[in-house]
Amino acid sequence: MSRIAAAVVLAGLLLIPPALDSYQVYLLSLTLVWSLLALSMGLLVGFVGEINFGQAGFVGIAAYVSSLLRIDFGISFWLAAPVALAAVVLVAALIGVITLRLRGPFFVLVTLAFGEIVRIVLANWQDVTNGPIGLRGIAPPEGLFGIDFAGKLAFYYLALVVTVATSVALAVIVRSRTGRLLVALREDELLAAFVGVAVMRQKVIGLCISAVVAGLGGVLIGPLLSVISPGQFTIFASVDMLVMVIVGGVGTLSGPLIGAVFLVYVPEVVQFAHEYRPVLMGALLILATMFLPGGLVGLMRAMVARGGVRPSVGAGGVRGG
Amino acid sequence: MIAQQLANGVVLGSIYALSALGFTLIFGAARVVNFAYGALLMLGGFATLLLTQSAGLGFFVALPLAMLIMAGAGVLVFYLVVRPVLGRGDLAVLLVTTGLLYILREGAIIVFGTEPRQIDMGVEGIVEIGDVVITNQRLVVIGCLVVLVGLLYVVLYRLRIGKALRAVAQNRAGAEAIGLNINRVTAFAFAVSGGLACAAGGLLGAIYAAEPDMGDLPLLKSFVIVIFGGLGSVPGAIVGGLAIGLIETLSGAYISFAFKDGFTFVVLIAVLLFRPTGLFSSRMT
Amino acid sequence: MAAEPLLQVAGLGKRFAGLVAVDDVSFTADRGEIVGLIGPNGAGKTTTFNLVSGRFAPSSGRIRLDGIDIVGLRPDRIVALGLARTFQGTRIFPGLSVEENLRIPLLARAGADERAAAERVREVLAFVGLAALRDSIGGSLAYAHQSLLGIGMALMRRPALLLLDEPFAGMNPAETRAAAAMVRRIRAEGISVLLVEHDVAAVMETCDRIVVLNQGRKIAEGTPGEIHRDPAVIEAYLGADVDA
C-alpha cells in the first residue's frame, strides 16, 4: 500500500515539475531541502530519542564550509560538498562524545549552547564568514557528466535524487543492526546497556548519521538560495525541523517528509504574515504533541488500516528518554 | 576595584538565584524541565511594567501583585499544557513547553514590540561603602532575594503544602503512598515557580529593561545553575546563582566583556565534562 | 585458575551523600552455585546487587568476575565478560516483539551470526516457555510472561553468572515454585546464579548458599540450614519487622 503510494508520489515528482513555473519549482526544491533537514531531526528524535536544538548548526557548518571552499578556493561543488559533510561528521562526533552521556534536559541544553556558538561564530568571524551579511552570489553546482545544473529545474532534480537516495539509505539503516539497537535504546536505555548495547557508541553513530543528512541539506541551501547568512541557522530553524517531525510523525521516515511538505506549503497557501510563523510553530508543536502522538502519518495509518496491520518497529510515538 | 566587581556580581547573582529557584522547584516536584520558564519570567517583567506604568502602582505594590498573577499563570501552564502529557515522558514535556515558549515569546513581540522598556522602581541614590558604590536600586535586588528566600523557607518548612512539596521532591512514590495529591502539590510548585520567575523578571526589568527576549539568558543560566548546584536543590540554586553572577561579572571585567556570557557556558561544559556521573545518578534516583 | 571463585566481592562499600548503604561486604559465588542475598528492608542488598552488576560504582572494594576486575567497567563490557542481570518487576523493550527483544542482546555483540542467532532465539524461547508468544509485542504480555522474557534476554548471550533481581516478587506460592524450578534449570545449564530476594522461604529452598546483610553489613553466610539457626540472622529479622 505505502509502496504504491510512494511510487505514485515519486512519479509525480519526476513528471510534473517541467510543466510548472519557476517559482513552483523553487518551492518544490525548498521542500526537498527541508525534507532532508526534517529527516535528520526525525532520525534523532525517533531513533536516538534526543532533541537537538543545535541541528541547524550542522546545517550551517555544511552550508558555510561548502560555499566558502567554492568562493574562496574555487573548488568545485562536487568536491566541496563531501569535504563539508566530513567536517560536519567530525563536529557531530566530537559533540556526541562530549554530550550524549548527558540525559534528557542536559543534552538539550548543551545542543542549545552548541547552536548558539555556531551562530555566534558565523556572525562574528568577520574575515572568513563575512559576518551577519553572510555570503552572496553562490553559484549553482558546476556541470557533471555533461549534465548542466544551472537551471532551476536541473537543480530540483538534483535535490530530488539526493532526497530519494537519502530516504532509501535511511530506510536501510533503520532496519540494520544500528537502527534496531537505536530503537532498543530509545525504548529503554538502561535495559539496553545491561543486555550489552554499547549505548554511547550507538548514540554517537546515530548523531553522526543525522548530521550527515542535515549536512546534505546544508550543502544544497547555498546553491538553492544563492545567499546564506547566520540568521538562517538559528534555533528557530531547529525548532522548525522539530515541528515537521512531530506534526509528520515520530519514529517513521515518511513522517518528517510529510511534515516538511505540510510546513512549507501551509504558510504558502494561507499567506501567514511572517511574524506569526513562530507562534504558529509553537501552537502546532503543542497541539500535535497532545492530540496527534503519531503525527499525520499515524492519523493516515489509523484511517487506512482498521486492524490487522502490525505496528512497524518504529511506530513508537513520542516517548521519554 | 575588585570589591566593586564583587558587589556587582552579587547583584546579578541575586537575580539569577531567584530565577534558578523557580526553575529548580519544578524539577524537584515534577521531575520535568519547563522550557517555557524564561517566557514566564519575561511575562512577569511585563506584568510588573504594566502595573507600574498603566495602573500607576508603585513598584513595591506592583511586584507582589504581578507575582500573584504569574503564580496563577504558572498553575494554568501546569494544568493546560504540562499535565496532559506528564505520563508520556520527558520528551513530550520538552516539546509542549518549547511550543509554549514560542507562543509566549513571539506573542510578546507582536503585542509589545521588541523595544526595551525600563520599569521604574522609584528608588534613587547610591550607597558608598569604602570605595564600593552601589545604587539603591541594586540594594533592593539583594534585599528582594533575602526576603523571598526567607518566605520560601517559611513556605517549604512551615506550611503543610510546602512540606508536602518537599516530600514529593524527595520521594514521589512514597508521597503518593501516604496519600498526598501529587497533582495539587505539583500545581503549587508551578505557582511558586511562576511567582519567583516574576520576581526575577520584574527586577531585571527595573535594573536593565523589559523586552520579549529577556527570558532567554535567564533560562539558559538557570539550567547552568541547577546543574552547578544540583537539580531540585534550593540551597544549590541560591549558591549556584550567586556563583554564576560572580563568575560572569569578574570574567567580564578582567577577561573579556564581549564574551562574558560565553564564560558561563565554559563553566557549564567543564562541570558537565568532569561530573557527568554525578549528574547521571542524580537523575536515576 | 580453577580454584578461583567465579565471582569475588571483597570489601565492597557504597556511600550515598554521606549515608553508608553498603559497608565492607565480602562474599563469593562459585561456578555452578546458586547464591542468595537476603536481609531486612534497607539492609543494602539491592545496592549490593546494583554494585555487582555495574549499575552503580562502589565507593570502595573490589569485584572480580572470573579473575577480572570489573569495577568501573561500562555495563556492556561487563555483559561481554559474562555477567547478565534482570531488573526488579519487569523490564523489557515494550514496543518490540518478543523475538526482537531476545535479538537485541545478540545484535549488541559485533559480528553476530544470523543463523546462530535464530537458533539461540529458538532455544531460549523454548527454555523460558514463550515459544507460542514469539511474535507478540512485549508490552502486551502478561506480567509473568514479561518477567520470563526479561530472564530470557539475560540468558541470550550464555552468561557465566546471572544476577536475578527479586525473581519471586509478586508471585503466589505456585508461581514461586515454578520460578524456583527455573532458577535450578538455569544452573543446570552451567550458569551460576546470584539472586536478591525478599521471600526468605523461597531463598532457603532454592539457594546453595546464602549471604545475609543487615544495615549495610554482612552478618552471616552459609548454607540454608546454617542461616536458619544463626542467632544474628534471627535477631536482625525479628528486630527489624519481618516484611511479608
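Going in written order, the chains are labelled A, B and C, and every chain counts its residues from 1.
One rule holds for everything that comes next: a contact is a pair of C-beta atoms (placed from the backbone, for glycine too) under 8 Å apart; a residue touches a chain by one contact, two chains touch by 3 or more.
Please read all numbers here as calculations on a predicted model, not as lab measurements.
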Margin query: Let me check something: if the centre of a chain is the mean of its CA atoms, which chain is farthest from chain B?
Written below: C
Next item on the list: Sort out for me whether A-C or A-B is joined by the greater number of C-beta contact pairs.
Entry: A-B
Next item on the list: Would you kindly tell me how far, in whole Å, the mean C-alpha position of chain C lies from that of chain A?
Entry: 43
Notebook entry, point to check: Using CA atom averages as chain centres, what separation in Å is found between chain A and chain B?
Noted result: 33
Note to self: Where in chain A do residues touch two or more of the other chains?
What the structure shows: 319
Notebook entry, point to check: At which residue positions does chain C touch at least two other chains?
Noted result: none
Check: What positions in chain B touch 2 or more of the other chains?
Finding: none
Checklist line | Footprint of chain A on chain B - complex, ascending | finding: 33, 81, 84-85, 88-92, 94-96, 98-103, 105-107, 109-110, 220, 223-224, 227, 262, 265, 268-269, 272-273, 276, 279-280, 283
Check: Which of the residues in chain A come into contact with chain C in the complex?
Finding: 177, 180-181, 183-184, 187-188, 190-200, 311, 313, 315-316, 319
Checklist line | chain A-facing residues of chain C, complex | finding: 53, 55, 74-76, 79-80, 84-85, 87, 91-96, 100, 103-105, 107-109, 112, 137, 153-154, 156-157
Checklist line | Residue numbers on chain A that touch chain B, as the complex places them | finding: 45, 49, 51, 98-99, 101-106, 108-110, 112-113, 117, 120, 239, 242, 246, 275-276, 278-279, 281-286, 289-290, 293, 318-321
